[in-house]
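Order of writing sets the chain letters: A, B, C and D. Residues in each chain are counted from 1.
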């Protein structure tokens, strides 16, 4: 019997290692797999590359991981917010590397990784400093820039419902980057609010099919902070 | 009030013209917008380019359109079946052009068109005669071939449920190419088995958001032939 | 400057309302952070305009009453919002497929500068901005069918934000179609900014004096 | 040939069963048309193997009883199938993202020829085949983590389908990892085909005589 549900964060984190690239779901306060990030902290892994939309806020989750000096490089679209002080201090001190990627390009680079597409041409960022040094070509009369697939060693995902095959649903804007990242990593680890019996989820409404999921841990943390 | 539901096939076909590229949903007997193809026949448009997985069967739908001499070129992955005699005769007689595209590349080329990606690198077909003359490059140690976005002037789609905003669901394997093609055309025309009130469809389970849909016509034809 | 004092510049809500009046029913629209967000308030509910948010919300409705707040539903500006009947959720790759694929009829952004050729700069305040935050701005500017900018006509220290050539790092070249400021509504044309409308009491010369770019007044 | 007559070649169901016994629980598997389709019948239901079909069915179950046939549910071979509990539907682009993205543990295809370097030819019978039908074969051959071929060892007119170099147009180069024929099970290694198993009563020399490619017998 396939059973991707694991009983401990230790099992969920099996194989986590120094230098790993971690895709981290979530957007704003919603869909953040914070308990999985805490578990990454517990593993002691360092020299990490983190791919996320933001650069963390306050002193929890990603911000805490950075504060502990465990993140070598962050790849994100928006490293600035009223509470992203940890990142900003580290960055000014030259203690963390930053790669800025337009939000849609970030999503598409991971979608490409999940879909076996090596690289793609996009009009986004053409003529800007984010395209400097990148290959461009004119396609159908429009200049486009070449962007490469962005793979993860691990994806950390927050889901609403999960079954033992790893099928997932999300809740409203908690969906965000989570389903895309789930496809793009060697090992996809999910924290789910609800574990449901196989067959509970509507086959027409499963957002992430279990084929993309390796481990699921039950984390009924409730609603995101407002 | 937005209302994409149209009352006649004539309205649904507005703008259909000679030389148009038509993306035609369906796979096997399921999810085929046959009544929309009949309506295309009624318009008299000719010199058409049709993109579909197959090359039609029997003497209905796409096969009939071809038999009437209205299709200049077909772009498909599998132009052969026990009932695809119309295509085969036309093809042997040099009366129709054929572009063979691997099924996944066909889907991805339309997905790229819908997503504003101009072209992409895929490992599919590398080292085969379908990649002959195409640009290749090695990405991450793997040879890949460059494939371009495939746009349609019109997409013909078969859906299960539709509302007046054009939100769609599909039924089981009737989904197939339909949602992909819906994103890739200038004008997306849908035949839906069921028209439902706005708000009936679960926001978490809408497969094609109405943003991709231009016109919906109610065609309650029942089950596909077995 | 004193001449302008006699004019009655539009307030931010007025700028938003003016822009909103130009959005027809049925358009799919993405509104950026700042003044653009106000635009939604001025689209009457009976005129169905479908708002998109980068984080996968299509058919976004207004902010909820405190009691109805759904902690699971935010927009790209991280504000709590609602979903209109008929709206739906998609993931980030699908959301940006809508943007990049040209499916949005309109995107409204704020800007630091808009050049007379349509260049927009709205994401980084200098070439030396070490950790600028781009978010979805470049995708929206490059991807939407139309890009309209709503912004103050001048910076706080009085420099024109309408320029001959952007000095800040670009978000996208030749992307802006129309600009709504507190002083005027301008269309980007091949020869410069065409003035479509001006705040009451403002003269052509006054507008020229406040604008560091070519202005064209239709006959 | 007479020597082979003493051997007891596997039947098609036996070939499928032999292959099925090598599929562990939990694998995601795509089965091609022909003998590959038979493989599903030999995976016991208590061993959960998840079958994928190119047309967007993940978790495909066996053919339905006539009375339970669902006209809306077919597989890539256009046959009516069922959906197992836990299965789901996706569209074609997502379905091939699973394939191309390396998410399938195994794809099983038939073939016209397999070369000792792993080249597979299974879609066109000659360079002059004017309207060959490729379907999803190239995507599957290039995309799955493992490609196993199940096929007769020889053509009807007695030519080996295991070859030094394919003569038919390739489906994918260096893609095949293992071949199951009616005479043997062979692994593709850098030096040639390694024989893992042989039909009862068949000698190494007989297998060599029937095979137009390098064979390696492990010690």
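As a convention for this text, a contact is a pair of C-beta atoms (placed from the backbone, for glycine too) under 8 Å apart; a residue touches a chain by one contact, two chains touch by 3 or more.
What you are looking at is a predicted structure, and each value in this text was computed from that prediction instead of being measured.
Path length between chain C and chain D in the chain contact graph, taken as the least number of steps between touching chains: 2.
The fewest steps needed to get from chain A to chain D, moving only between touching chains, is 1. In terms of the distance between Cα centroids, chain C is separated most widely from D. Measuring from the averaged C-alpha position of chain B to that of chain D gives a distance of 29 Å. Mean C-alpha positions place chain B and chain C at a centre distance of 35 Å.
If you average the CA atoms of chain A and of chain B, the two centres end up 33 Å from each other.
Listed for chain D are residues 83, 89-90, 93, 96-97, 99-100, 143, each touching two or more other chains.
Multi-chain contact residues of chain A, defined as those touching 2 or more other chains: 108, 111, 115-117, 122-123, 170-172, 203-204, 207.
Here the touching chains pair up as A-B, A-C, A-D, B-C, B-D. The part of chain B that touches chain D in the complex is made up of residues 27-30, 53, 77-81, 87-88, 91-92, 98, 100-105, 107-108, 110-111, 122-130, 170-180, 207, 223-226.
Of all the residues in chain B, the ones that touch chain A in their complex are 108, 112, 115-123, 139-140, 142, 144, 148-149, 169-172, 202-205, 207. Residue ranges on chain D touching chain A, taken from their complex, read 25-26, 28, 46, 48, 50, 52, 58-59, 83, 85-90, 93, 96-104, 143. Those residues of chain D that touch chain B in the shared complex are 53-57, 69-75, 78, 80, 83, 89-93, 95-97, 99-100, 124, 127, 130-139, 142-143, 169-173. The part of chain B that touches chain C in the complex is made up of residues 1-2, 111, 113-117, 163-165, 167, 183, 198-199, 201, 203-204, 206, 209-212.
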